[in-house]
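In what follows, a single structure is set out as structure tokens and then discussed.
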Amino acid sequence: MPVYDGKELRIVGFLCNWCSYGGADTAGVARFHQATDLRIIRVPCSGRIDPLFILKAFQGGAAGVLVSGCHPRDCHYAEGNYYARRRLELLKRFLPVTGIDPERFEYTWVSASEGPRWQHVVQTFTDRIHKLGPAPLLSEPLTDAEMVEFQRQVEAGRGCGCHI
Amino acid sequence: MKGLEELKDKIHEILPDLDLVIGWEQGYDGLHATPLFIKTPEDVDRLIIGPLCVHNLATYLPGLKDKKVGVIVKGCDSRAVIELLQEKLINKDNVVILGLTCDGVINLTKLGRKIGSLGAVDDVKVEGEKLNVVIGDQQHNIAFSEVKQDKCENCIYPNALVFDHFIGEPVDRVENVGAEHQSLSDFEGKSFDQRFAFWKHEMSRCIRCHACRNACPMCVCRDHCVAMTRNPHWLSQENNVAENWMFQMIHVMHLTGRCVECGECERACPMDIPLMLLRRQMNRGVREVFDYEAGIDAQNRPPLLTFKVEEDNISEREW
Amino acid sequence: MSQQKFLASQSIGSFLETLLREHRVLVPLCEGDSVVFRPFRKGGGLELTRMPTTSPKEATFPRVETLMSFTQKVSAPQEEDGGKERPEIELTEHLPQDSTVVFGSRPCGAKGKTIFSRVYDTEAVKDPYFIARRDNTLFISIACSAPETTCFCTSVGGGPADSTGSDILLIPVTDGFMAEAVTEAGAKLMESAFFDAGTQKAEEAQAVVERAETKLGQAQDFSNAREKLLKLFDNESFWEEMSAKCISCGTCTYLCPTCYCFNITDETAGNTGKRVRTWDNCMDYLFTLEASTHNPRSSKAKRLKNRVGHKFSYYPSLHEEHIACCGCGRCIKSCPAAVDIRQIVKSAQEYEDVNI
Amino acid sequence: MRIGVFICHCGSNIAGTVDCAKVADAAKAFPDVVHAEDTMYACSEPGQQGIIDAIHEKNLTGVVVASCTPRMHEPTFRRAVERAGLNKYMFEMANIREHVSWIGKDKELNTNKAIDLVMMAAEKLRHNAPLMAKKFDINKRVLIIGGGVAGIQAALDCAEGGLEVVLVEKTTSIGGKMAKLDKTFPTVDCSCCILGPKMVDVAQHPNITLYAHAEVEEVNGYIGNFEIRIKQKTTYVDWEKCTGCGLCMEKCPSKKSYDHFNNGVGTTTAINIPFPQAIPKKAKIDAEYCRMFTKGKCGVCAKVCPTGAISFEMTDTEVTENVGAIVAATGYDLFDHAKYPEYGAGKYPDVITSIQYERLMSASGPTSGHIKRPSDGKEPKNVVFIQCVGSRDKSVNRPYCSGFCCMYTAKQAILTKDHIPDSRSFVFYMDIRSPGKDYDEFVRRSIEQYDTQYIRGRVSLIYPQGDKMIVRGADTLAGAQVEVEADLVVLAVGAESAAGAPQLAEKLRISYDSYGFYMESHPKLKPVETNTAGVFLAGACQGPKDIPSSVGQGSAAAAKVLSLFSKDQLESDPQIALVNASRCIGCYKCVETCPFGAVKEEQDRFNNPKARVIETICQGCGVCTVTCPQSAIQLQHFTDNQILAEVKALCPSMMVKN
Amino acid sequence: MSTFNPYLPELATIQEIIQETHNIKTFRVVLNDEEKMKNFSFEPGQVGQLSVFGVGESTFVINSPPTRMDYLQFSVMKTGEVTERLHALNEGDQIGVRAPLGKCFPYEEMKGKDIIFIGGGIGMAPLRTLLLYMLDNRSDYGDISLLYGARTPNDMAYSYELEEWLSRDDMKTTLTIDAEYPDWQHKVGLIPNVLLEMNPSPKNCIAVTCGPPIMIKFTIQALTKLGFEDSQIVTTLEKRMKCGVGICGRCNIGTSYVCKDGPAYTYEQLKQLPNEL
């Protein structure tokens, strides 16, 4: 299903079942209006979220990825979110080198009772992604201008072109 | 690297108790060294050390788990041995480490940039800081510092960090301490879009030969790498930009907090894709967040295998 | 086949541009620190001095190609199925339609496809994808004037100016190339005005080739490798020693102009999917891993044995002594561990002598 | 696979803003979907029957229901597909109510989103596999940690229910805080008189094994089969021999020992039985004060002990108990008012805590029930009570209400008047919290019948003036500063989590909040369960509670244990990690990260190292799955392929044309 | 599309699925193109590649005989991704078939000879096609006997045919299982041992054996012990295959490509190949 043209961007959410998915439910029960872009994938624990899922989403053209788990100390599985925090923080710091704006990825903690907070998170993140616009796509060929630029670099001398 | 004779003597001494010792010998031309697997005293004669000995021989250790192996390591290589020990991927009882001191090894890609084709090199000599490359009747004199591996440029571990036998005298090297390689900050001069396009361009060249993976001393999954499976199906076998990119992402992620920056992935890449940029960025994060460097102390716990309830350098983002 | 014509260096670009009208034109281009075959772009440069890192194999055997695509549908309830919906498949064959000119490959690279043909185009079985590409691809090769330390074409039946597999052979001379048509199609291309019949530098060309041949030195005689390798089949320690430094990657196979193994896998997205063929690598553990977890080539020693055996023994046995190698040396030059296939074969040939 | 998709209208809850028929129509085109329909209420009896009928009629092998949150009805629908003969894990849910219809108004966008969510669910389902629960035996014994009133109630209820109970108490006697109280609100009956018999029942019940002065050292195993290491701390008195006669206490020369039971009101002997009704009624030597330990000679008690129970060489011992369930009833501690400099930070003798005041009022206390102020033993006439000391105060990180202080302050004011009829009580309060049967009436009685003067406002300073304490505060209702001359100030200290609670939580592998109170599984629906199967909570360890609530939770936890043990075997949740041995390279990174110690190092028949998951210990978090670089260990029902299928469904542009 | 594309499967419909054992299902398949189904020809022992579209292909012997062409029958043991997905299919579902591939049993050379079939577990599948072919051309062959073994009675495929085979008087059928089992009326013991006990005469006899590698190994040893020449022993090999037409490079043993030159080999032929099984 293609992203709804012009109105939405593809935003993927990974939420732990016990806190954040519950928080999203709580927001729903309270009828807290939210942007519709986000599609939530439910996992048992933020510790189940492989940073590679996030990269896979970007590989597939996601404009933004949002992860949310239980607040530290509140993990249903005692420690899962501590591992998640380390993994996700490193991913966040890694992204710039790939050329994916790290602002396109965010992770946070929302408890099952924090409906208003969830609404706020969704709204803030969605607004941020809309400001950034659609993500660059790996599947799209390089533009002519880009090709010419790379060729120019080659002609300037051998080398990987990472130094300019 | 110094102490070839001392090293040979030591190998002669320990070889009877070992199945083999891994070192280097001259390869098919004057420019290439190649790993040498010493099994007999006669093999020892073929041993060389020096700036051509680029290969990180620790890569072979996990595959020789059931053998008693001697391995010759430079400072950088020794970090891979430490990381392997740290992760209990090799058994220290089965490994005898012959530590060297090193003043840098050659980067053939950079040499190629200097002198064009490397296809017909007859001989290479190192005289102090000069590298003398003989191609037929041509002579190229090049400053060694300009054709060293990146990792050698700001090396702070010239001496093996772990060893059973140290060969030669350890050298001091204090300049450039902790400096991050220039390439990363250079790369940051590009916009996000330029960086993204850069990788698309680089990945279009990748032939998915997995040399980067198989040359990596930390890629111990080898035959069980997720890059080739359908369960889980992380990647298709299609050799295209998106899938090649994803493979490199998997490689980086699986090296998080484990990469010792030996540079073997980039060296092994037949297509000269600058993979170390990715490694350096990840290692920068690891350093900043956990004040951690892989392969320094076998007692350290890799950062992703543990946690702190209150992380020192991770702050909750404001919403 | 025909007379030699002169192609001036400065007119190559313009010549290639004329080809673009009807063909995809692949030329060696510098990318990063590598030289790879890429579509020629108007005004773009090309790299003809360095030996290309990759082989031109991609022109006739792409790294990845879609063999067929399929769509799954659910039919309306069928009466004969008791009113149940029934899944249906729609299958579409994807045969290549392009026409390609490869310009600037070396003779060894162009020869690669001939090794394919003996397997892909036989009485019993014809691979329509390869055949379509092969028959629609023209190779304009450049004779080798500067053999490298890894080159051994003369040992496997080739040479610096071997025209096997090429349609036009260019021999570098001052300011350009002497061109020689090898096939009808090549001759047709050479009717282009950029080929000048007036300028004759045949002697210079001859000298270039001779110099290269001299440089290559004595050819290695692989003729008895066929039996020697077979004899060593069960010699585990020999193969363990030969493969000790091999890291079991696929650099050698993927850069090889003659390695023709492939994998076929299905990929889907929603209801549509495709069956793709990708290069595969006999040096990989998974290549022969069976579903039962049994693996006949479980160690890198066994895999290297198969690779060397295939090229220098099995293939020659099946195909009139032709060695499945064109001596380009890429497997040696780009090997991360500098494994030297010449040395392995030689060791096998000399093995018995040592052990008498 | 033959998938059936059911789109629930949920009346107008979903259908109001989602075009359910359109979603069903779109679903028909998804791979493997052979049936799709919209239905009014999928969870209703006819709704479920519709699913079951479709499974039969269309030979469905998997079902997707798009309706409310799976946290609500996933079990319902799983049972339904199971009734139809499918494995209950061949089912997926798409949440199109809480996550779609209730949060967005644009029907078009909602419908589109619902279609996406259904597609994700269907794509995941295509990678589902039937999962079977494994059965295992239960050890029908229960460990209760903490011998306060909640633990006592749980122990007695379990024991009465026929279970063997192991009760571990940290101090030398059970009874907890309640044993220290003089009277209880709102009935003003004698605390010890109602608790005493229950304590005796514990001592005498054949099913209860009591370890007093003991602590849980280590917890291994899993629901149905825990192995507990208990440290029996040394008492220097052989309790097998001690008869509790008290002769040693009479003769002990070290009479200035800190009196723990009386919270430092008065002193006791170095060897002591904490209070007359103690269970077990056994003596213990406090080595900090015993001359044998401080000076190296004495031994009077050993000489006088008629049974020769004294043993100065005694050391800690360890016992191991095997149980099938655990109830944590470790109670609470009182806030340390030393954190309030404005109240004297504990340095004024006549500023005491409410529990000390209880001991002063108690007939069994150090003053035999006569209220005498600590400084000079005078009977106080003006008593000031200050509420919310360590409650509802962010500045000391105690933002929560302790709940029971308002009530016990009212009680203490009433009792003060009973003890000293000419006294006056003043209560500084923020709000009166008195919900509960007869509670508010009780407070009113204190004000109206006992003339307690309630002043709404915070106390800003207490300082001594002569033999009085001046209490300065605000009366926010009058809008004025007030100063009260007090003979005695009683601080209504709030509750905080018991010392050592986080450490025990970690042994039990249960979570606790930032204040150290244990987390219940669900704040409303699972108040005594924890997220670790087989571990239950009772009383104030979960949060501040009064006696009836604690007793109620004690019984509730007991009921949970009894219902758990009503089966002979338990089924383990099959949504756990599983190692694919042919992919595992035995690096054991999973062993290191598993929060539950559920992954074991093993060797296969070729001596290759392999990881193995202990099914009953694994809780299914999936931390290991991410840890494993070969993806050899996969969390069932949330495998890489299942999650990847969802990601790929959402982000399909990876289907590049070659 | 004039040239024949060896990679392009024929679409086919699963007509019937038989659950043989807990992990073996038999699929009876009919090509959708009626003309092609009518003209379909193959020889006993040849294999086919079955496609589950989106998952991939896997190789199975056509175990119905060419003499019975109502459908093509394949028996599939659940081992990997493709077989798992095949098992999840239903009657009426669509698959792809590329067949026939490979070489057949030397059934022409076997004419006039006594035949002993020795099958273990799923290895019965390739034997079935040849056995049924011979029964359908009974007069061309001498004595026919079958020794079929499995771990337990529940692991025996084609149980519905065994009764008929046991009752036929133009063939001799022996069944065996590895260990005692309640109500088992037949032999108990490992196949090679039972074979030695049966003591078949090698004279003018061809032994055809198929089963798990370890069983084949010991069966061949037993046959040799009984006096069978290498040329009198026929077996089939299994390898990982992709293309099925001898190109893709993974199923070769030296110069022989199992997908194209096999899977049926005489032991004599096998011995000439390098030892890489």
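In order of appearance the chains are A, B, C, D and E, and numbering begins at 1 in each one.
Quick note on the criterion: a residue touches a chain if its C-beta (ideal position, glycine included) is under 8 Å from a C-beta of that chain, and two chains touch if they have at least 3 such contacts.
Just so it is clear, the model here is predicted, and its values are computed rather than measured.
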Skipping chain C, the chains still linked by touching group as one piece
When D-E is set beside A-C, which has more C-beta pairs in contact? A-C
Chain of greatest Cα-centre distance to chain C: D
Chain nearest the global centroid, as defined over all protein CA atoms shown: A
Any idea how many Å lie between the Cα centroids of chain B and chain D? 51
Centre distance in Å when chain C and chain D are each reduced to the mean of their C-alpha atoms: 69
List the centre-to-centre spacing of chain A and chain D in whole Å, with centres computed as mean CA coordinates. 35
Would you give the residues of chain A that are in contact with at least 2 other chains, written as numbers and ranges? 50, 56, 59, 73, 79, 83, 87, 139, 150, 158-161
Quick one: which residues in chain C touch 2 or more of the other chains? 31-33, 64, 72, 84, 87, 263, 265, 267-268, 276, 280
Name the residues of chain D that each touch 2 or more other chains. 31, 59, 119, 593, 627, 640, 644, 648, 652-654, 656, 658
Residue ranges of chain D in contact with chain C within the complex: 28-35, 58-59, 119, 582, 648-649, 652, 654-655, 657-658
Chain C - residues contacting chain B, complex: 31-34, 36, 49-51, 53-54, 63-64, 146-151, 215, 241, 244-245, 247-251, 253-255, 263, 265, 267, 276, 278-281, 284-286, 332-334, 336-340, 342-343
So in the complex, which bits of chain C are touching chain E? 67-68, 70, 72, 81, 84, 86-89, 91, 93, 95, 119-120, 124-129, 131, 230, 233-234, 260-268, 273, 275, 277, 280, 282, 287-292, 294, 296-297, 302, 306, 309-310, 313-314, 317-318
Once bound in the complex, which stretches of chain E touch chain C? 1, 3-9, 11, 51, 53-58, 79-80, 83, 92-94, 96, 213, 238-240, 242-243, 245-255, 260, 274-277
What does chain E use to touch chain D in their complex? 54, 88, 90
